[in-house]
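I've put the structures underneath this note.
Both of the next two complexes hold chain A, though its partner changes from chain B to chain C.
Here is the complex of A and B:
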């Protein structure tokens, strides 16, 4: 196989790179949506009484059990949601199910004893939640959440089936039109790699800055 | 003498398991009372019911002659300190912040005032300045428990409840925690302590209560309870403790 550098001329590269907007847009919006819905799932599962907590758990399990591409197609064809909305909801819902798990296990890592201690000082339940649970859970979840962020970032490429003009779709478009696949695919693989590495180092940095010795580590 | 806490005919069941079968006693200002009794006898449940961490099924609890109800429980808890078996320090806060958080968030004190009280409380239990910025995971069990005691006394409670404060500690760390508690007793703090440290109980307790199967089987001065137990059950329990089985 010959690597034809001329396939990577400036206008082709710019055409592909303009898709970064959609790649990042989909990533951030879906992660955000997943964070909100995921925390709702986690609280439902941990704090609601049995019949209701099961419902939340089943929702999570179903979302984790369906291939992402199928979720996209169902939203697009069965619910007629349109390209962008199907992409956001598909990524967001699936991410909610994983972020929910991450958040739930973070909440469960905080001992009931600390909640008792907060109450015994005279704190209200809301104060215990705000001053004790949340600051700990958020810190504990960062490493798992970093992985989830990267998964979503890479899986935005699957929205390609919907025709969202992200770097994957654009790359495919160019590759097809000039008949050079290898060069273009290697190029976007590199772009994904740079995006992943950058997000990882930002998030790891954040974690190091807010990390508290011993927090979230099993005794 | 002024009565601080009175418990009347307190009952509590978990499902069909009746854990407290009508417990009554009272504590006056400055008194230290010790509860002993076999595992599963309801000691922790009794303490947890007093500040409604567990809701009692029936009976009354009076703090400074005022009946505690679900309505005034948040006010009451400010005046009832609690020291737990497993310390339960807030893992995301330093020793100093663990002591300050109640003063700031619950008592709404200004920060400088809270800081001053927190420092005094920590010094009282022998936690020196070099440990103030340590997180719980960076402290030994004995240090953690003393910070937990400081957290309780900083709120200037009317009474402090201790649930086996030394039973999770290595033997060599027990002494420092008991010493801190002795200091509190000497300063006139009112305390209700579940412990099996009988030597300690002898030196600080005004009264010892023997709680078994949800009832106070026997109570009296440390002399009476430890040296001259009357009931067979207490005798048996004491000999078990002597053999290190409880």
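Here is the complex of A and C:
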């Protein structure tokens, strides 16, 4: 039989679905880490004087130029970090390099006139940043950031090579033990699809809710 | 001999093999992706209800699931049903081609939509057929608009080709892991692989920028000065 529905019995499904915890945990932690490190990277690249800004730029280029699996393997085998930490750091560092780009381009999208206007009104540079630029940049960021969130969500499945017990690893485990591959993999493809679509609609709703009318595109 | 030289020279043939497979997978899958992407983009823009629905659901499903799951469905899943049995290399190339097709369909679609509708109306009023319009008027411009996205896609595929490792293809990352486990010089082996990946993406980027400049129509798209 090509598609044997009995392979998808309740106990197998529950075993696989318990991996959602790890998938979401990895996604949220590494997105958070990426947000913090990414904004540091973006600030370093834009506001530090040349010799230092080059270092930040090179770090970003290297992180973006190396496959995720290789990053995982380096952290796991060469630095001997545990598998969970390797997965979080690998995803987080990679995401930082992309989120840095997103953050930088949204800061640059706000016209420089606003910075000058703020300064001429007697605000300090930090105040202009905190009160005027960052609130707008964060809003402009959301669409690009939605894509990044989904990329990270999908890429958590690559942590399979480290053996983190996420959906992918659990599915592989069950598929091997019962000898039915097609059904189980189709099932987790659907699980990922539902996760991706749900997070996409939540983030799009968030964007619509916090959007300043007239600023940024309507989705 | 320093440890780096051991890793590089003693396993030279392995590195060359890894580079060969990485490039083979990348280039063939992007070619499959271009054909599929164009097909699905045209289906989505010009197709009737049925074709549109097929294209939209294909693009959505592929973009909504991880590539590693797609590769596993293709290799282990289809392999176990006995319908089609791919070799690991075939599965990697076809899987990544199918995946790239969905992403490229979106690039092509935005490129088609970026061309002013006046051109379509003008061509139709001059008696062009739909096919003539798409292939003679729109496509030459679309290809030029889509080139920068191809560069990104090419780099992304170079990196994602490392997923072929889980299907036991001996591409670059798999080679570096093998060399590392043979010599216990993990840091050197992985750094070398990283350097090769960076080198490949720099070369590919330069090559694509060269093509962009060669193909650009003066006045239609901004020329890039970086060489």
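By definition in this document, the second predicted complex is superposed on the first by the 212 of 219 C-alpha atoms of A that agree within 3 Å, B and C clash if a C-alpha of one lies under 4 Å from a C-alpha of the other, contacts with A are read in each partner's own complex, and residues count from 1 in each chain.
Heads up, the rule we're going with is that contacts are C-beta pairs under 8 Å (C-beta built on N, C-alpha and C of every residue); 3 or more make two chains touch, one makes a residue touch a chain.
Quick caveat: nothing in here was measured; it's all calculated off a predicted structure.
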Partner chain in contact with A:197 - chain B first, chain C second, else both or neither: second
Dominant contact partner of chain A by residue count, chain C or chain B: C
Which superposed partner A:135 touches (first chain B, second chain C, both, neither): first
Touched partner set for A:144, first chain B, second chain C, both or neither: neither
Which superposed partner A:154 touches (first chain B, second chain C, both, neither): second
Touched partner set for A:68, first chain B, second chain C, both or neither: second
First, second, both or neither for A:118, with chain B first and chain C second: first
On chain A, positions contacted by chain B and by chain C: none
Footprint of chain A on chain C - complex, ascending: 61, 64-70, 72-73, 76-81, 83, 155, 158-163, 165-166, 173, 176-177, 180, 186-187, 190-191, 193-194, 197-198, 201-202
Chain A contact footprint on chain B (complex, rising order): 48, 51, 53, 74-75, 77-78, 80-82, 84, 86-92, 101-102, 105-106, 135-138, 148, 151, 155
Sites on chain A touched by chain C in the complex: 2-3, 61-62, 65-70, 73-74, 77-78, 154-155, 157-158, 160-161, 168, 172, 175, 179-182, 185-186, 188-189, 192-193, 196-197
Residues of chain A touching chain B in the complex: 110-111, 113-114, 116-124, 127, 131-132, 135-136, 139, 212-215, 217
